[in-house]
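Every chain is named by a letter (A, B, C and D) in the order it is written, and numbering of its residues begins at 1.
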Amino acid sequence: MIKAGIIGATGYAGAELVRILTTHPKAEIAAISSVSFEGKAISEIYPAFFGLNDMVCENAEGVVEKSDVVFAALPHGLSQELGAECIIQGKVFVDLGADFRLESEEEYAEWYGGKFLDKGLHEQAVYGLPELFRDEIKGKKLIANPGCYTTCSPLAIAPAVKGGFVEAKGIICDCKSGVTGAGRKPTQGNHFPELNEGFHAYKVASHRHTPEIEQTLSRLSGEKMTVTFVPHLLPVNRGILATVYADIKEGVSFDQIRQAYEEFYKDEYFVRLLPSGAAADIHNVRCSNFCDISLHFDKRANKLIACGAIDNMIKGAAGQAVQNMNIVFGLDEKTGLEFIPPAF
Amino acid sequence: MIKAGIIGATGYAGAELVRILTTHPKAEIAAISSVSFEGKAISEIYPAFFGLNDMVCENAEGVVEKSDVVFAALPHGLSQELGAECIIQGKVFVDLGADFRLESEEEYAEWYGGKFLDKGLHEQAVYGLPELFRDEIKGKKLIANPGCYTTCSPLAIAPAVKGGFVEAKGIICDCKSGVTGAGRKPTQGNHFPELNEGFHAYKVASHRHTPEIEQTLSRLSGEKMTVTFVPHLLPVNRGILATVYADIKEGVSFDQIRQAYEEFYKDEYFVRLLPSGAAADIHNVRCSNFCDISLHFDKRANKLIACGAIDNMIKGAAGQAVQNMNIVFGLDEKTGLEFIPPAF
Amino acid sequence: MIKAGIIGATGYAGAELVRILTTHPKAEIAAISSVSFEGKAISEIYPAFFGLNDMVCENAEGVVEKSDVVFAALPHGLSQELGAECIIQGKVFVDLGADFRLESEEEYAEWYGGKFLDKGLHEQAVYGLPELFRDEIKGKKLIANPGCYTTCSPLAIAPAVKGGFVEAKGIICDCKSGVTGAGRKPTQGNHFPELNEGFHAYKVASHRHTPEIEQTLSRLSGEKMTVTFVPHLLPVNRGILATVYADIKEGVSFDQIRQAYEEFYKDEYFVRLLPSGAAADIHNVRCSNFCDISLHFDKRANKLIACGAIDNMIKGAAGQAVQNMNIVFGLDEKTGLEFIPPAF
Amino acid sequence: MIKAGIIGATGYAGAELVRILTTHPKAEIAAISSVSFEGKAISEIYPAFFGLNDMVCENAEGVVEKSDVVFAALPHGLSQELGAECIIQGKVFVDLGADFRLESEEEYAEWYGGKFLDKGLHEQAVYGLPELFRDEIKGKKLIANPGCYTTCSPLAIAPAVKGGFVEAKGIICDCKSGVTGAGRKPTQGNHFPELNEGFHAYKVASHRHTPEIEQTLSRLSGEKMTVTFVPHLLPVNRGILATVYADIKEGVSFDQIRQAYEEFYKDEYFVRLLPSGAAADIHNVRCSNFCDISLHFDKRANKLIACGAIDNMIKGAAGQAVQNMNIVFGLDEKTGLEFIPPAF
């Protein structure tokens, strides 16, 4: 059994890791930590786990020591030192934060306000979006697990960008996220009566996931891409829908694009390319590691419209982190992740 | 008192008309009709009205006869004959359906599959979006009340289009609507357990409101415009948010555009241009006739992003219809419509 | 115009007072205050009010001075001194908190942990539940506005208790409240993802509204009554449903009880006794000052089951406070409160 | 592998059976049927299953033939003949409908309007509530799977009734159910805009689950019991909370009762008796087979208040049916049912 440790287990991504790893057939949770709740059982924080996982939060050092793989679900900026320590101790480190996601230190500084403490470490890091970069993940020690918007948006448009079917310029990602994306901490904006029956955009064209989406798409296209990214907040618990708009290049047909998607994702268990006529719905991927994609064609404006739906806490965080662990440890990628989404 | 009749009073738009007109200080409901519920009280259908309006549904002929102004909230295709009859009888006719909205019979045929029964009648019809075409509405007898998406999207982008600040090509309206937009009839897609905690696009780039949005924007710009329109279904009762994307022309600054909006809407009671930094939220316009607009700038891609929020059943249907009635009858436009949206 | 001041205007009850009084035809808001947001506009806190009421919060002293009637929507314990000051200055004082609700200082000490600072003041206070104690309210200066559960539960069972149709012993109030009842302050328990799709009881048989319900029912029956009161938290914004159970006395028929209710409430505009077969629903009283009541009979156990539904923020707080103001100032009780609940 | 057949696979209980059995390690779905959707894939009805279970609905006869165990999720009244046929063919029959639940033909006639077609068959039937009647289930061929309210309410009060700690008379079950309990068919009452932000009781003291709850409690107490049962409809997808009220007998202490519960449920994996101070919440049992129970004491009225929470579609339907299958086939009762409820 792989011994897994979770740093920051009481946040939402951490809690979802606890839930998934508790039933993983090839891994067991060695220890969990939380700065805010040290000494408390995870099931005191999340009574859903009562009697099923009553592990007590300890400190980060203890977790690292007991684990083969360390998952860090920390606020941005706290993972660089922890990651360094894990690598020194020979552990696999899967970071659910943003510290190792951007290759460019300049962009990291611009969007997150920090710098790379150890450039060598950043060079070892691999961006853990398996459907696009699986080969690089195998056997690596330091995995930068993508963010939620940055999983969903690129997967929705990747085959079109990689195949050169759409213009590199002018891509728009209009995204809508459930509330868990904003974390466990109660705020006025997420207070039930002020969010329920509401809907609005936030951080318009200024969200930190922008450079991460651009980095992924640029790697696929081979040229520097700029995207317009607008996130919105949905009054639901889980899920992200990305509606991605791109201009189809002259001479390219929508059918060609659809075929390219089918080819691109034909062996991907966790990507479900929906039949023509269907529309991706966050309802259908809840509590699962799937990314559903539907393709649409605006023939009047010659635009490709691709919708991608994920559970932001699973494929957009904890599930993908476990998928990365599976890859690193040579397991079948689906191990412990074959959740069928509930029908209702 | 203006005598108002409501044809199709038991649908959602009709019921909202009943509610608004029941407290209107200068109008009174003369009669209401419903094909499905003839002989039943409106408060049997909507127990919220119990004791406050218990009028009984009669047939359409009786309603026309008793009324100075007839509101028709009917499925598309049923208003042309009714409208003709009202005009013959000298009534004002406010149609909440689509029959008189499109100026081009060709487009009507393409999107709705019907034809203009009486071209002269269509020429008398005026498109009732007061903030854009108020002068044409005054004193008219036949008002085509805009649809919900087609109120919200054009209002959000109108000053930019009219001022020539953005490219005519490539405008995208990514819209999200509450469930009442789909009407009162229960369907599998709107069944609570299948919609709640879900979110998806529908009728992507093929919704009938597309030519109506284009018609309005084309009138403002003076050139034929094509827009990409993608509606989505939100798990909330009321509200539409339109997130509209447009490319800013070279040499135009975002500040210029903001000033143009301020000028354009400075005397419009029902349009609230939000302060910089705010984002329009459907939560804040519920149960009111307001359209909240927020402006955002993607400086990296030089795009204008305008968000417009309305209550789809009020500013997007019944409220605007009453606003049109007020204009036609020379009342203060706000009469009976000064609802303050609830804070929660 | 009556000059009204609101102390604690930025809490939920205060904000609802602002909304209602802004459109009241016989009153105007003279000033508002907030400890937390002094110097800020109410519309900065609640953007729904933007452009409609942008009054700036000042301090409590200023509000009292400018007002004929002072509404206090404060945490429990802060109203006694303020009330005393208002009475000295000759103002009408309507307290939405609990400080003046209980007649028994002993019970106040037991449930709230405080004492009566000025017993004479408490003797002047009248309990402002107009449908039960209207005659006492007229012309009074100090009104203790009932709580939300304590409006809904007594109204649902009052005619049965007053008429002596049910046993005084064993009454159960199983109540379910929307989230606004817990106030504006975000907490873990009210955080959207943890409340949405959830439902649970809280403060079981230990909620502070218990003695207040008992006081009202005891006044009606003339004997000391004890009730079992269990509140639950509903994942909706507004509304309380009270399901009240009582044992029907031997020899009393359900029809007798129904007739007694009809007689009891026949002149009450704000109480709607629903037809047989209907069930009171919080959906149908939202944003209104109505209390809907439905009566049900368990003939197998010979129990009366009465359901009462209110909007907890209106009939359960701000609306009732305005109703009390109307009574005190000799206005028609409905003035400014004739909101028709939306049908959806 | 046990070959399982599902009759009525496209209803909500059927779909949940499909989902659970698709990942059951000791059973496989042999065939599924649906009258309405014969020839269609289950994943066309429930796109959440797309690619994971695309089995096509056939007719009932084919399903019986191919199966070792037949689950029937049919409208009431359709299971008696099917059950007879299954028994003749030597299959195990688990009926999720009500046809075999009531032992008394008289009560069946009163509440369901039908009669027992084959009394011998009814005598073979066993009521499948494992935590209360496990010993009778083992090795049986015909299992009447309890309804949702009738699982939750009895489990919440069973130890108190069985132990004789509470009065047999006067027990009240105030229950609140999510919308899936009303099934897949869209109706006006379950239409999103009319249910969302609403809450009401229905079938007050007249719901068909009443005699079933009474039968279970009467078996536990040894005397004929009558309960007051009032169901309400919650605007959530899944879950039932039963708040059960009972009068504590003289001389019995609340601590005694709590100890009796601990003893009663100490070996029950699927019942979680919550710590003192906690309150059972449907949020914490979603998508799991658990029943959470919290105990509360109204010392002023000397009442026991027990709250029980289940997922109505799992412990209240499909999960319990699989639990019964596991028992009948001698498997570990938890097999295929160890779902950890999501934390949010």
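Convention: a residue touches a chain if its C-beta (ideal position, glycine included) is under 8 Å from a C-beta of that chain, and two chains touch if they have at least 3 such contacts.
Owing to the predicted nature of the structure, the values given are computational and were not obtained by experimental measurement.
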Minimal step count in the chain contact network, chain A to chain D: 1
Chain whose mean Cα position lies farthest from chain C: A
Between chain C and chain B, distance of the C-alpha-averaged centres to the nearest whole Å: 37
Distance between chain centroids, defined by C-alpha means - chain C, chain D (Å): 38
Whole-Å gap between the CA centroids of chain A and chain C: 46
Multi-chain contact sites of chain C, meaning residues that touch two or more partners: 12, 180, 193, 195-197, 235-238, 281, 283-284, 286, 344
For the chain B and chain A complex, residues of the former touching the latter: 170, 172, 174, 176, 193-202, 204-205, 210, 226-228, 230, 232, 234-239, 241, 243, 245, 247, 279-284, 286, 294, 296-301, 303, 305, 307, 309, 344
Chain A residues touching chain C - in the complex, by the definition given at the top: 12, 178-180, 184-188, 190-193, 195-197, 235-238
Touching residues (chain side chain B, partner chain C) in the complex: 12, 15-16, 19, 22-23, 46-53, 180, 197, 237-238, 272, 274, 278, 281, 283-287, 292, 313, 338, 340-344
